[in-house]
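As written, the chains take the letters A, B, C and D, and residue 1 is the first residue of each chain.
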Amino acid sequence: MTSDSPPPRRTYSYLGPAGTFTEAALAQVPEARDQQWRSVRNVGEALDDVLEGRSDAAMIAIENSVDGGVSVAQDALATIPGLRIVGEYLVSVDFVLVARPGTRLEDVSLIAAHPVAYAQCLRWLTGALPGHAHIPAASNVASAVGLLDGSSDADAAIAPPGILDHYELEPLARSIGDNPDAVTRFVLVSRTVTPPPPTGADKTSLIVELPEDHPGALLELLEQFATRGINLSLLASRPIGDALGRYRFVIDADGHVEDERMADALLGLRRFSPRVVFLGSYPRADRAVIRYPERYSDDVFVEARDWLRGLLSGEPEA
Amino acid sequence: MTSDSPPPRRTYSYLGPAGTFTEAALAQVPEARDQQWRSVRNVGEALDDVLEGRSDAAMIAIENSVDGGVSVAQDALATIPGLRIVGEYLVSVDFVLVARPGTRLEDVSLIAAHPVAYAQCLRWLTGALPGHAHIPAASNVASAVGLLDGSSDADAAIAPPGILDHYELEPLARSIGDNPDAVTRFVLVSRTVTPPPPTGADKTSLIVELPEDHPGALLELLEQFATRGINLSLLASRPIGDALGRYRFVIDADGHVEDERMADALLGLRRFSPRVVFLGSYPRADRAVIRYPERYSDDVFVEARDWLRGLLSGEPEA
Amino acid sequence: MTSDSPPPRRTYSYLGPAGTFTEAALAQVPEARDQQWRSVRNVGEALDDVLEGRSDAAMIAIENSVDGGVSVAQDALATIPGLRIVGEYLVSVDFVLVARPGTRLEDVSLIAAHPVAYAQCLRWLTGALPGHAHIPAASNVASAVGLLDGSSDADAAIAPPGILDHYELEPLARSIGDNPDAVTRFVLVSRTVTPPPPTGADKTSLIVELPEDHPGALLELLEQFATRGINLSLLASRPIGDALGRYRFVIDADGHVEDERMADALLGLRRFSPRVVFLGSYPRADRAVIRYPERYSDDVFVEARDWLRGLLSGEPEA
Amino acid sequence: MTSDSPPPRRTYSYLGPAGTFTEAALAQVPEARDQQWRSVRNVGEALDDVLEGRSDAAMIAIENSVDGGVSVAQDALATIPGLRIVGEYLVSVDFVLVARPGTRLEDVSLIAAHPVAYAQCLRWLTGALPGHAHIPAASNVASAVGLLDGSSDADAAIAPPGILDHYELEPLARSIGDNPDAVTRFVLVSRTVTPPPPTGADKTSLIVELPEDHPGALLELLEQFATRGINLSLLASRPIGDALGRYRFVIDADGHVEDERMADALLGLRRFSPRVVFLGSYPRADRAVIRYPERYSDDVFVEARDWLRGLLSGEPEA
């Protein structure tokens, strides 16, 4: 390669098409500007792109403040090896009701919507359109596109506001979500890499299974964090899938694997759990600096190790 | 009422139409035989029927061994007052691929399926029909019915095997679920009533919120059970919905509210939590007798209370 | 008895003779003024007086801030049934070096002292009288009395300052204790009675044995208090005496048995421990009001019980 | 040094004179045979000998199965730097009542005895000699020696049976201790040295202070051991001495500082406590092999560290 040749472009996979919340999340990534964006149809395709080298990273939705964890994404990260989360992004969830031009709100009886979007607008819909019926759609954008291409019988669709930038649709109502503070959390996933360096405002994501036949095992899992002054911002249970009552836990913990207290907690988890998946340490979307009691600072860990070394050497304590 | 008049029939709401897994769950309820069964379109309608007196009870799916908790049902029970779970039922999850008579498997490219059913058959579909596309359906039965009434463009549908008893459909493949042990747990919900008496094989369902700004609060919640020898068969987090990171917990605990140890745990929870919803104590579907250390038996609780009363009376200990 | 007859006098046993720290503790008891004080030679005699009705109460030393628990008193309370602590008193520990009149400090080589008193003055003695030798004495007063009645060969004795009020002895040095803040804690013990009413500044004394073969049993004991917001001001281990490594625990807990949280903790202890001895709830010597988190107040306990009663009655929650 | 010169003899200090239980403990030390034994009058002198180089090691009593911890020894180890326990020895506690030749049991009214020995024979004495009085003695041997050298007015003395090998005394009664299983635990103390290598049957002795104003601090201390599968054979509280209610804890934990789980526990203690004194890891007197759950074995700790190193390197997990 000569000095004239441009740097190779990087590729990012995301749940498309243009106009989705996932695209809005990807737009927040500085490194992704002017790079190749690859629209895919579901989380599985996005992660496959990464694993098979078609993409450098994939943006996927992982949790919604109203609807909870995105099961399919959590389960994929729990079971597919070779992936690592390298960043976190938040997108406010806002919905519009759109229709073919000329449609009036009072004409709407059949509404296309992704089930999650539908659930998040149900109160508004029940009030404004009490007699409506719902047609499930595969994505928030597909619900709207079908209105135009004739593939949908619906009169209107629920979609993100960005849809209006891309399609000739008429907004019948704006901000119809029942919770104005609703937000979706996205993560950017790459192949396994060295974690980005600590920033002081980091998060560590893990999947942990519990030892079997061990009453109080979840208590013990949580103590691994509590006894090191580590707060959890997410603890979600997901079925392992082999039997009712068998769960794995999806965990977001405040701090970075290079923090002494987090490294120590991971060691404790690994010794205790039959399976710990480290999904990554990365800067928090909100950039909130992690606070923790002074007794869990790196210095204290280093000092204790020095002290122990001294004991073993047989030298009198200072 | 004279002795001639028949007893009034009771009404049970369930997610219909005929042929759903929910109907199969309702068929397990002896008291529901020969009573009125009311088919509804979603969990909200089923619970409304109960609250407004149209039904005596509603059968709803609450958890699936592969897909996890049914969010909408868990959230409804967490937020709607006046309901109580009175029974639990398990239904094995088995799927068939059905089509209009004359269709051959190799002709199938577009498949209608409820998203959860689709997810549970994905491995089989990827192998047998690698080029297929998915059309989401509102229910496991609706997916199939649409094939016959012309409302669906799909070539085939994923449905419960019971569908074949009700509709003129052709099975293209049977038992296509990826996990042969998959099972869905249903609960029968009535208006608030006195819990059914303990059987020794009971379960108590609760929704618990954590006090805010209280690190280690989940640990403390779990200790309320652990310190009374109570095992949890379900612990699921659900977003409260007002902000990311705020959860309520859906809990199934082994035992009955009339067991001393469970009553004591509920008192502890109530003192600790800003909100505890008691959803009911009821016989377990599997009828497995609850085992617990002798030190948590009712006798031990009663004896301790007698001892304390003696201390306060000033009489010397025996 | 006619109305003219004086009320019967009450009798208090204490470790005598006059001039001991125990007498100073008894002097702090308002009810003991102008009553009969009975000097005894050891804790065993004092408690026997109470048990056999010769005394109404006995004052005994239970803990010293420098030397720790008074083993013989702790063991007696742990093993003798039928006793209860009804009050607590603190006495500052101060010592004088006394001798027969005419003795000079530089003449002293042989010093009589109770071993505990000797230990508490050792630093001073080593500095002022480096060549001295020690003769153990049975009590702090006996050490001094022996100087006068010819039964002791010692040149000087360590005694409480009160000794100078009772005997013709010459003080060679005052305040010779190594720790000017040293204090001894005494308890007033009666036969089993109803506890005195709560004052808000109370203490509850207990003896608790641990279940055998139960790793983490001490942890569990402590959790009975911690999970009810109860602070411990004393936790001492004493051998049960049958084998090395078998201990009972002497506990002083902040609060009164009539406080809901303490009653609940005692129930928990009783269910857990093979043997709990309740020694009494009584006002603290320092009258310090007990502080505890609001969530452990009596109201919260009462409200939780009302809530549970409501659940069982089948009435909808408010 | 030529090959002719004998190796230098080592010196061992012990509470003498000949015939004490401490001498019996020292006789159990193979390395001490044919070496110099130095009789001292108290624990302070014995430890001074070690610190100042007059002795290589000191044998001191640390705990008695009936009377509990030896406070003065525990406090000395807690406060004097530069010492380390290198061995543990058990001596059965057995007492004889001795007198000047010609004395009959029925003539005895005044009995000389070390207070601890007196306490351990009290039941026998109360039965056999109900009218006796007690003269405290400074040591178990001094009590007897005084009978012969005229320094004691006593008629008889309580002493270890070994006294009969050294002095012309007449045994009036044998095995008069109230508890036939009574045993005293001794430790051999040297200057700070590298701990002796692990044997699989080791004990680690510690002194730990608790952070102030930290409710539940003792709970946290105990959890440092419990969460690493480490059992405690001794937990004793001793006043720090500056105020009532301030304690340090004397701890014997099963295992060796070179065991991974113990090293990890020590790190945890050091980070948590304002002061941890490591008194040594040494073979247990009873040679009982330490058992612990497999999950706390050295392998598990090593494997977890390797795993963590792998995470940080960015290599995919195997």
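The definition used in the following text is that contacts are C-beta pairs under 8 Å (C-beta built on N, C-alpha and C of every residue); 3 or more make two chains touch, one makes a residue touch a chain.
Since this is a predicted model, take the numbers as computed values, not measurements.
Chains that touch both subunit A and subunit D are absent from this assembly. With centres taken as mean Cα positions, subunit C sits 58 Å from subunit B. Distance between subunit A and subunit B, defined via averaged C-alpha coordinates, is recorded as 27 Å.
In terms of their C-alpha centroids, the spacing between subunit A and subunit C amounts to 60 Å. Contacts with at least two other chains are made by residues 223 of subunit B. If you draw each protein chain as a dot and join the dots that touch, you get one closed loop, with every dot joined to exactly two others. Chains touching one another form the pairs A-B, A-D, B-C, C-D.
Residues 63-68, 71-72, 90, 115, 119, 134-138, 179, 181, 183, 185, 215-216, 218-219, 222-223, 226, 231-239, 241-245, 247 of subunit C are the ones touching subunit D in the complex. Those residues of subunit C that touch subunit B in the shared complex are 81-82, 191-195, 220, 223, 227, 257-258, 263, 266-268, 270-272, 277-278, 295-296, 300-301, 303-305, 307-308, 311-317.
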